[in-house]
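Pasting a structure below so you can have a look.
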């Protein structure tokens, strides 16, 4: 009996060294915020550091797939090459800011119904390959807490659409918009439009990267 | 003593019939909402009825000066003819919906800084003639209560601007946006975008006309 | 020798009856203009009638795949189901009006660089299946001939992009914009914005359907 | 008889030296292009130099009244202070680029009907003071000659409106749009969008300032 235990322990130790454990490959699929996420201090880098601190870094491969200016249909167009070709286990989709913002800046945002259509098409293609999908609400275009950021109405509308998409497709939701608002309600007493979690109302500062990494960690750990 | 009282009463009755009391002339200056305000059931008509019920209708002349599609600079352009020429004692300005809305529908909304500039210019011209000014926040473009009406952010921004204009120019504020939101929070549990106080998210239904008339009555009575 | 000729003729006649000739299957892929193209009097119907008059209707199957409001990325999203699934020999793509128009009407047009990207992606997928591709320039948003239709500049820009796409991808171009302008220069002396080839500046009237069918016939016959 | 002529000539010469001739005061009323017009090399400065070369500089006082980002209603708002207060003999109005451009860049352009309304109101106020008015068409937003500059259609539309305003109000027209197009047709064979008469498609380079000054000189000399 004792021998058996010793052998088993020995065998397990041997396994750990010889049979490579399969890594979880996670692709972060999004826009300029995610493009910056792989830089030093970016949210994907910070998340990687969190895994290191837990000593589980060997279990995860984190891959950034963000391109500046991307809207939902841009993700759809490049998902074969930039996501499926990486053979991921998990994909975290974070898109929506440009779909709303570009309406105002260049007249080339995305209609709500088409936003939903393309989003569903992306999820469907991922799920067809048995890839786990997590989706995020857009965090902010302006950090004021009284909903007087110019695009708050439309951004809330698109956040609601994403929440419904999560429910309908049975995928996990990372509600960054809620997390950002809650944080600002507690930490932005002067109702500033930036410099709490973002540098410009949209792109993450250090605290923002930290908060997003925490949200991702929590959601991915489920 | 008794004789004096009788004489005084008699004198007062005599006065009421012989010396014509000067009417308060109030111009309501705005857009399509105010244009509809003078129709049967419109908020100006309802306000007139309220004065009748109080028996003070002789003290007020209510004049509608609303034109559909008007933005703040349209008011400025026509204020000589449509307002000053009526020699009013009081002007109630209610504008802002189109300044926000037309950004989206035709690319011809009003920049925030110019909105403020023209608004101030109107108030200045009215005050220079010793006309009492009251200004209103835009009530709604959509009645959802979770700030997911597409233009809520920008409308809140312009409502904030108007609140500041009121303070800076020392004019009375009729905060219709707040009144509408409060009413909807209490009476719109399904988060509908219309049919609570409006027919289409913007233009008043019966309840909306009633609420606006009440708000006006209260503010004008001060 | 005579016998041989007689035999050959006989054989040919026999072939015509016994071996079913493979039909050319042509899909017309586009927006509301193409959606209306299959209705009585629509340009696809008119083209079918032209084939009948030539007695070659058996050689062609004309399939409409137009959906109102579609932009280039909408075509990309539904091309598997609506085009590839029909196994066509030829696809005629006619898109672009909404990519320009929606910038103004709803802030949801298509950026020029992304228009080109999606267009190329569609062509690439079709050519990978050995499908012959023909592409059309957008005909008109307004028929004035002095380039004072509000969106003429942008529409000319996108027409230029399509002409370059045709060249780069070596696909045939049906230059409807040029055909419409030429026709209007000859037949619209009063510089009207509609009712020459369209009912509303965009959608085809009888003459417009006729002109488009002629252009298609000529291009498909090459 | 001869004596009379000699006396008259002598008298005229005397007058020219002794009685100070009243200067023509010309205000140039517009946007950023006119704001830059008073800088060294700007079109107003160049026009002043032309008057110097003709030795008539004493007869003209040229006043710049341009402010960046101005649309027609901004001119209307500030015309008392910036134009009428200068007591000009002549006003040259040059506006329209922002009324078109801001539709795209910020959703705050000017509707065509309101553009005309405000323009007419400005002219009416100037003519009521017996001020001579000259009005200009907007020169360019992009210098391509095939009408594929994105905003060409709308800019041509507003140029047409201004041409009609000139006719209806019986004021002189300086058709800068036509002058710019003619110059580009002759000097822009590569169909470039800038660097012929402008630095960025809108604001004048040296050749542009020269061309505008020439056009102004010609028109003011009438």
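Per-chain numbering from 1; labels A, B, C and D assigned in written order.
Convention: contacts are C-beta pairs under 8 Å (C-beta built on N, C-alpha and C of every residue); 3 or more make two chains touch, one makes a residue touch a chain.
Computed from a prediction, not measured in an experiment: that's the story for all the values here.
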When you check each chain against subunit A and subunit C, which touch both of them?
B, D
Out of A-D and C-D, which chain pair has the most contact pairs?
C-D
Taking each chain's centre as the mean of its CA atoms, which one is farthest from the centre of subunit D?
A
I'd like the Å distance between the centres of subunit B and subunit C, where a centre is the mean of that chain's Cα atoms.
54
Based only on mean CA positions, could you tell me how far subunit B sits from subunit D in angstrom?
41
Can you work out the whole-Å distance between the CA centroids of subunit A and subunit D?
54
Where subunit C and subunit D are represented by their mean Cα positions, the distance between them in whole Å
46
Where subunit D touches two or more other chains, by residue:
103-104, 106-107
In the complex, the residues of subunit C that touch subunit B are 104-107
The residues of subunit A that touch subunit B in their complex are 103-104, 107, 142, 146-157, 159-160
In the complex formed with subunit A, which residues of subunit C make contact?
73-74, 76-77, 102-104, 106-111, 114, 117-118, 121
